[in-house]
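For clarity, chains are labelled A, B, C, D and E in written order, and residue numbers in each chain start from 1.
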Amino acid sequence: MTVFYLAGALFLLANVVVALARVLRGPTAADRMLSGELMGTTAVAVLLLLYGATGIEALLDVALVFAILAAMAVVTFVRRTWPEDPAADDEGESR
Amino acid sequence: MSLPPGTLFLLASALLFAIGAHGLVTCRHLLRKVLALNVATTGVFLLLVTLGRSGTAVDPVPHAMVLTGIVVALSTTAVALGLIVRLERRRP
Amino acid sequence: MSLPSTAMLVVILVTLPLAAATLLFASGRQPRTLTLAAALLLTFAALALGFNVHLEGVSVHRIGGWAAPLGIHWQVTPSGTVMLLVTALVGLAGAVYGAGYFLHRPGPEGRMARVFMPLWLFAWGGLNALFVAADLFNLYVALEVMTLASVALVALSARRMALQAAMRYLLAGLFGSMIYLLGVALLYGQYGVLDFDALAAMLDVEDAGSRAGAVALTVGLLAKAAIFPLHFWLPGAHGRAEPPVSALLSGLVVAAAFYLLLRLWFGPLAGMLTFGAGTLLGVLGAGALLWGGVLALLQRRLKMLVAYSTVSQFGFAMLVFPLAISGNREPVLAGGTLLLANHALAKAALFLAAGTLVRASGSERIGQLVGFSGRARWAWLAVILASAALIGLPPTLGFSAKWLLLQTAVSQGAWWWLGIMLAGTLLTFAYLGRLLELALLDPAPGPSPPPVLTPALLVPALLLALLACASGVWAFDFELDGETFVRLEPGS
Amino acid sequence: MSMLAGIVLIVLGLLFFLSGTVGLLRFPDVFTRLHALSKADTLALGLVCAGLALHEDDGALQLKLLLIWLLVIVSGATCASLIARAALAHGIRPWQR
Amino acid sequence: MRAPPSPTASDPGNGDGLMHPVEITFDALLLFSMVVLAWQGVHARNMFRAVVSFIMFGLLTAVAWVRLEAPDIALAEASLGAGLTGALLLATLGRLAPERRGARRPKVVKLSTLPWLTMGLAGTTVLLAVTLTLPAPGLGEAVLAAMPAAGVDSPVTAVLLNFRAWDTLLEIGVMLLAVIALWSLGQDVLASKPRLPAPALPALVRLLFPLFVLSTFYLLWRGGHGPGGAFPAGALLAAGLVLALLAGAQVPERMRGAPLRWALGAGLFAFLVVAVGLMWAVGTFFAYPPQHASILIAIIEIAAGLSIGVMLTALFLGGEPTDIKGGGK
């Protein structure tokens, strides 16, 4: 059973590594932020599966904190960074 | 597998330290320097905790040290960012 | 009448600055009486502590009552007490000077007056915590308190140059802390202890991990102490800061990092001070001494000259390491400690007087300073006395310190190091002499009407310089009863 | 029985995560990617939570798992809306066939 | 309530149990992505990409702490990496002059890279070789032996607030100092008010804020017997406050000035009062009498947690909130 959970966590990790390509490719800042969000959700799932594997209850707290804070980065991005920042997109960069 | 326990983590911590130290020296942009510093510090933290695990009982002292270190790093980062903003603020 | 116990005095010295700073910040007002009362109380505590240590010798205090490897210890050593005392004197002088210097400015610049004292007290508290610490990680946190307070003080004027200097300083300081922490991690991985005494008892000088750890600790502290070639941040930070800040930074903050080098290499790491290690540190010192001295000669602005002089003087202090390789280490450490004390008092006096002179002249350029006239005469007197102490003319504290080191060098037949010391002294003589010559023989008229120089701007510098000159007589009695290193001679 | 059901749910969840990633990588513009990602991920996490809850017999922990899922739903939906609005206001036009 | 030490075979690297290949692969992939993201975070051509990579690096670091059986640190890293650090960096990016944020000039691979690379590789190898030899005895047993007198059940909390409380006091000092340092630089430099309407945001905040407060106290309470405690709790509180600020709330008029400053100083002050009070009452600095240890530590923890929350929010604001016009929320 432990191995099942671990394999699941590994699968998710591989999944998110593939999704990192979106951070590299952009092209807009929103795309990069999106993969950040995916990373957040995936991290929650990974932590849950690791909890399943190890039974350490504190991991649920960590997952909970991640879930509560999932919105932070996106909200800051939308409210503070992007509205003012044309440079965050790759306009000059060929994609 | 015959890897000694923690080898991977030690390798990663050494790499992170190297990336951070290298970035701190070579990057021009102050924000990059600050990020590099944080990366290197994370490497040191990883080293501390990985070493704290090899004993017989899990050693909470490195955990406490790293927690303290994280707070200190965050505080200094905030000050550094404040300085950067004032140095490179958009001109009105 | 009995003095408070040493433990009580230590607690006062480390907590009162933090408590006072928090109160000042939270209340949002800066009652001058309160800040000066706190500074005075701290000075009395340091004096009383000095008296206690003189009577009782080294003492160890367990924080929270927890024994060695688990808890943190304070160690009150003679050399640490000297640093505590000097910190108190410079701290008090700076507080008085700052009260006179910053309140001059109305309007938005009143902000400086508002933040100066809390930051000053934080730096003071961090320094005191450093000088009694005997625990590797506790030192890290105390170093951060000191560094962050210093950075904020450098940035105080919020001018662009000051902000740039502060940023460089912060990055250099954080780099130093990070490397230092790496050393802590390596040593902790090897021995599982942080306490100095426990570490000293366990240290295996041949072990690669311990050596790497020692190197990391040293490099981190060298960056913080601005030792050549990691000195690049110092002249900007010290030259661009406000005068009382420069005094604190040059006199104490750099000295604290250097003191930790002494504390480590004469304490837990004593066994590792081999010929190679000592010589390498000495060569770095010689480089700093010559480089800083020559650049000081070339400076045109007063505070930059004094700042480069700091680089040079700490190069001189590095020479204690090669001298301690063989033979009796006690006079070497005594000489090193006294050198730090002398530098702290004299350099602080020099920076405070420089600030006054710059204000009186309306210019930082050495060629445009006012002459030995009016009230500026008192500032010049402080400069002259402080210069004598820095050069090491008898009977100043600088003389006693250098004398101790010279004697050791002669007795060891270390002619190379002796020559470098003499060269350093000559360089110091040259750049300070040039300053005095330029300014006194060819004075500028200064702005008219001349700015008002209140006693707060004159007396602290003069007293510090006088102390540096007068305490040389007492210093020959200075002994290091029971310093850690005595128990840890290599081979024992 | 609940063991098996839990495993099935978790595997389903993992597959939905995969589909979200495929969408993120293959879809043509921000809005379509957003669409793929936020729905697939929220559902996927829900399935994983449900699967774990089936393996768990402590009510408090099951409640915590539910709370985690609810939080992700709420913030996921808000973030999707925020990013979409910001992207529109930023002058990015939805992709037309 | 304490989490039982994990009984499974998945206990990585305690010296005895061999690691399962899946675990090793997981760790390898995790650490590999961390290294890649760290490199991106420092060197990405586009500054925004660098910051996003760094935030993701923080998320993965939290998972790495979990793998290292350090849930306490994972909790702290999660509350910071996912929350405040990211917000701080993104907000900083928004405050920089546009020309200082853009893509960096295309990097030419210079000859000078080669010695750096060699030196870096050599240094890394030496570091790795050295660290692999370290026996790492640790203080685990000393802590275990002292736990009965510590006043709390969680070893990490015991180290932080009892055995090495002096470190933690100074650490809170560093944080307060950082706030004073930022305030001394002048008033807060907020980006201009965002023009975008964001109707969903206030609703989200209204929904989440009570949860933030609730979980803050939950973590404070957890700190006594498991991973949790003042710092993650404070970080969560701060995240809630920052979210409210981002949704358009403002520091209420009557909170500015003295009340805010007292809240900022409260943590350090409580710490100092307890420490010095014990010196006065017991005769030793920070020596909790065993029968009162729990309650004293709880007092410190609550004061520090709330104060940390306010301090972190102040760090995010980056300056003294005095000049904001307009009413509070």
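By our rule, contacts are C-beta pairs under 8 Å (C-beta built on N, C-alpha and C of every residue); 3 or more make two chains touch, one makes a residue touch a chain.
What you are looking at is a predicted structure, and each value in this text was computed from that prediction instead of being measured.
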Common touching chains of subunit E and subunit A: D
Shortest chain-hopping distance from subunit C out to subunit D: 2
Neighbouring chains common to subunit B and subunit C, by label: E
Which of D-E and B-E has more C-beta pairs touching across its chains: B-E
Far-end chain from subunit A, centres as C-alpha averages: C
Per Cα centroids, the chain farthest from subunit D: C
Distance from the mean Cα position of subunit B to that of subunit A, given in whole angstrom: 20
Chain centre separation (subunit C, subunit E; CA means) in Å: 32
Gap in Å, rounded to a whole number, between the CA centres of subunit D and subunit A: 11
Touching two or more other chains - residues of subunit B: 17, 20, 47, 51-52, 55, 59, 61-62, 65, 68, 72, 75-76, 79, 83-84, 86
Subunit C: positions in contact with at least two other chains: 137, 141, 144, 148, 151-152, 155, 158, 163, 186, 188-189, 192
Touching two or more other chains - residues of subunit A: 16, 33, 35, 57, 64, 68, 70-71, 75, 78, 82-83
Chains grouped in pairs wherever the two touch, ordered by label: A-D, A-E, B-C, B-E, C-E, D-E
Contacting residues of subunit C [partner subunit E, same complex]: 7-8, 11, 15, 18-19, 21-23, 25-28, 61-66, 69-72, 111, 115, 118-119, 122, 125-126, 129, 137-138, 141-142, 144-145, 148-149, 151-152, 155-156, 158, 163, 186, 188-193, 208-209, 212
Touching residues (chain side subunit E, partner subunit D) in the complex: 195-198, 200-201, 203-204, 207-208, 211
Contacting residues of subunit B [partner subunit E, same complex]: 1, 3-23, 26-27, 29, 31-32, 35-36, 38-39, 42, 45-47, 49-68, 70-72, 74-79, 81-86, 88-91
Of subunit D, residues touching subunit E in the complex: 71, 74-75, 77-78, 81-82, 85-86, 89
Touch list for subunit D against partner subunit A, complex: 7, 10-11, 13-14, 17-18, 20-21, 24-25, 30, 33-34, 37-38, 41-42, 44-45, 48-49, 52, 55, 61, 64-65, 67-68, 71-72, 75-76, 78-79, 82-83, 85-87, 89-90, 92
